[in-house]
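In what follows, chain A forms one complex with chain B and a second complex with chain C.
Right, the complex of A and B next:
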């Protein structure tokens, strides 16, 4: 599976491999220490954040709660990106 | 607004399904998903919290293209929690206002099956809202059907992933493939049979037609000879 940013795909693959091993061998067996993959994760994260900036993906839209608040029945605000 | 729910049982233990869920993409059943990234991940009190960004390519039917465009990369945000002690995995996906005409909120839950702990229950719930587009409820129906179709593919995808790393399941998959192969070759045979019969009939018809034409020619020649 590719990353959202082409340049991050290699890093993503390395991180995914690390995570999948950790998830199966450690996390599901009771070891909750998630530091094993943290260094590769940091590098991968940096790359993703840059890619998101380049593609104008705004996290404010994601993190805002809509259901269960006053915004639920309103038309989403128009923005210049789409 | 349309609400859609579905339930499905996997004949695999929860741990197997949880691992498969992380390896779900890419798979041949969901070609529209073009990118996934982990934006945040941490373990808090023994629960794994993950935030992912999913990008997929949406193609719209012709009549909608004037309003929305031909194809778009749409982004969705997925928040999930995995609790290995309680054997619960929940994923909540919502699309961003990039695709502002359509809002899809989906919740997917994997838990041990209440009547058989060696199996896994999948429950899915989606709320679809379409605004600012004529025939909103038609669009909503379309999307709800698409979700239903994709949900079926999603389940196949999980089975497909599990098959990749579980030998026992591989054998099951092989026998399923054999059945499909058999079905396909039987269908091909039926089509061949029908074609052969049709060809024979056509040959029959054309040789009879030729014979009739020959007869007519002979008759015409004979008549012409008589008159001259």
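Right, the complex of A and C next:
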């Protein structure tokens, strides 16, 4: 899959590979130490942020958390379903 | 008032497999509308993995919608949390920008169902605040969402079958996919008619 910044796609692939093996081999097996991929993640993130700046994408809206907050939409009572 | 919609999907893969496959969902043959995918933030807290990703997708709107929504692509924020102990994966996606024209929020909860199946409970809220057109836009949004649902399942299953090859005979899968495609094509035709009649009523 491509990155939003063409120049970041290679870094993204490297990071994704690192993450996917960490997720399968460690995280799901109870090891929560996520430092393995942190250095490649930093480089990749910097690339993405630069690419987004060039495309005038507003970071503020992205940084806003919704999942797990009061802003999360709630499932309506079942008799109200349309 | 947002239109609410929900459905349930059963995957014939264990929860661990679905969770692993989730990050590799794209690309797949059904995801040609997904242009890019990036991890924006990621951390582990209290044993759970929190991720925020930014996706860009092509914006497919009917001709009548172009005056409200003429962007070539839309940006989507996907928040997720993985709890490996309880075996729960929750994803929450929303579009970034154009939310007054049409806001689509989707929440999916993946939980194990026995040892070899996973149930995804999918909720969606579609809203629009365009005066005079909100009803037609909401109807369009719900319809597009329904159609995307089967594409999402087919695409995800394709990836899971590749990652975890199994005993299911290939021809069965192909057959099902074809049936689903035919059903989707029929739904598209019905949807077009619905959208047109909604617009005419407005």
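Methods note: the second predicted complex is superposed on the first by the 61 of 82 C-alpha atoms of A that agree within 3 Å, B and C clash if a C-alpha of one lies under 4 Å from a C-alpha of the other, contacts with A are read in each partner's own complex, and residues count from 1 in each chain.
Rule of thumb we're sticking to: contacts are C-beta pairs under 8 Å (C-beta built on N, C-alpha and C of every residue); 3 or more make two chains touch, one makes a residue touch a chain.
Note that this is a predicted model, so its numbers are computed, not measured.
In the overlay built on the shared chain, the residue A:12 is in contact with chain B and with chain C. In the superposition on chain A, the residues of chain A contacting both chain B and chain C are 1-4, 8, 12, 15, 19-20, 23-24, 27-28, 30, 32, 34, 41, 44-45, 48, 57, 61-62, 66-67, 75-76, 81-82. Those residues of chain A that touch chain C in the shared complex are 1-4, 8, 12, 15-16, 19-20, 23-24, 27-28, 30, 32, 34, 41, 44-45, 48, 57, 61-62, 65-68, 72-73, 75-76, 80-82.
Those residues of chain C lying in contact with chain A across their complex are 2-6, 16, 19-20, 23-24, 26-27, 34-40, 42-44, 47, 49, 52, 54, 56, 75, 77, 79-82, 84, 90, 92, 94, 96-97, 105, 107, 123, 125. Of all residues in chain B, those touching chain A in their complex are 15, 18-19, 22-23, 25-26, 33-39, 41-43, 46, 48, 53, 55, 75, 77, 82, 84, 94, 96-100, 103, 105, 127, 131-132.
The part of chain A that touches chain B in the complex is made up of residues 1-5, 8, 12, 15, 19-20, 23-24, 27-28, 30, 32-34, 41, 44-45, 48, 51-52, 57-59, 61-62, 66-67, 75-79, 81-82.
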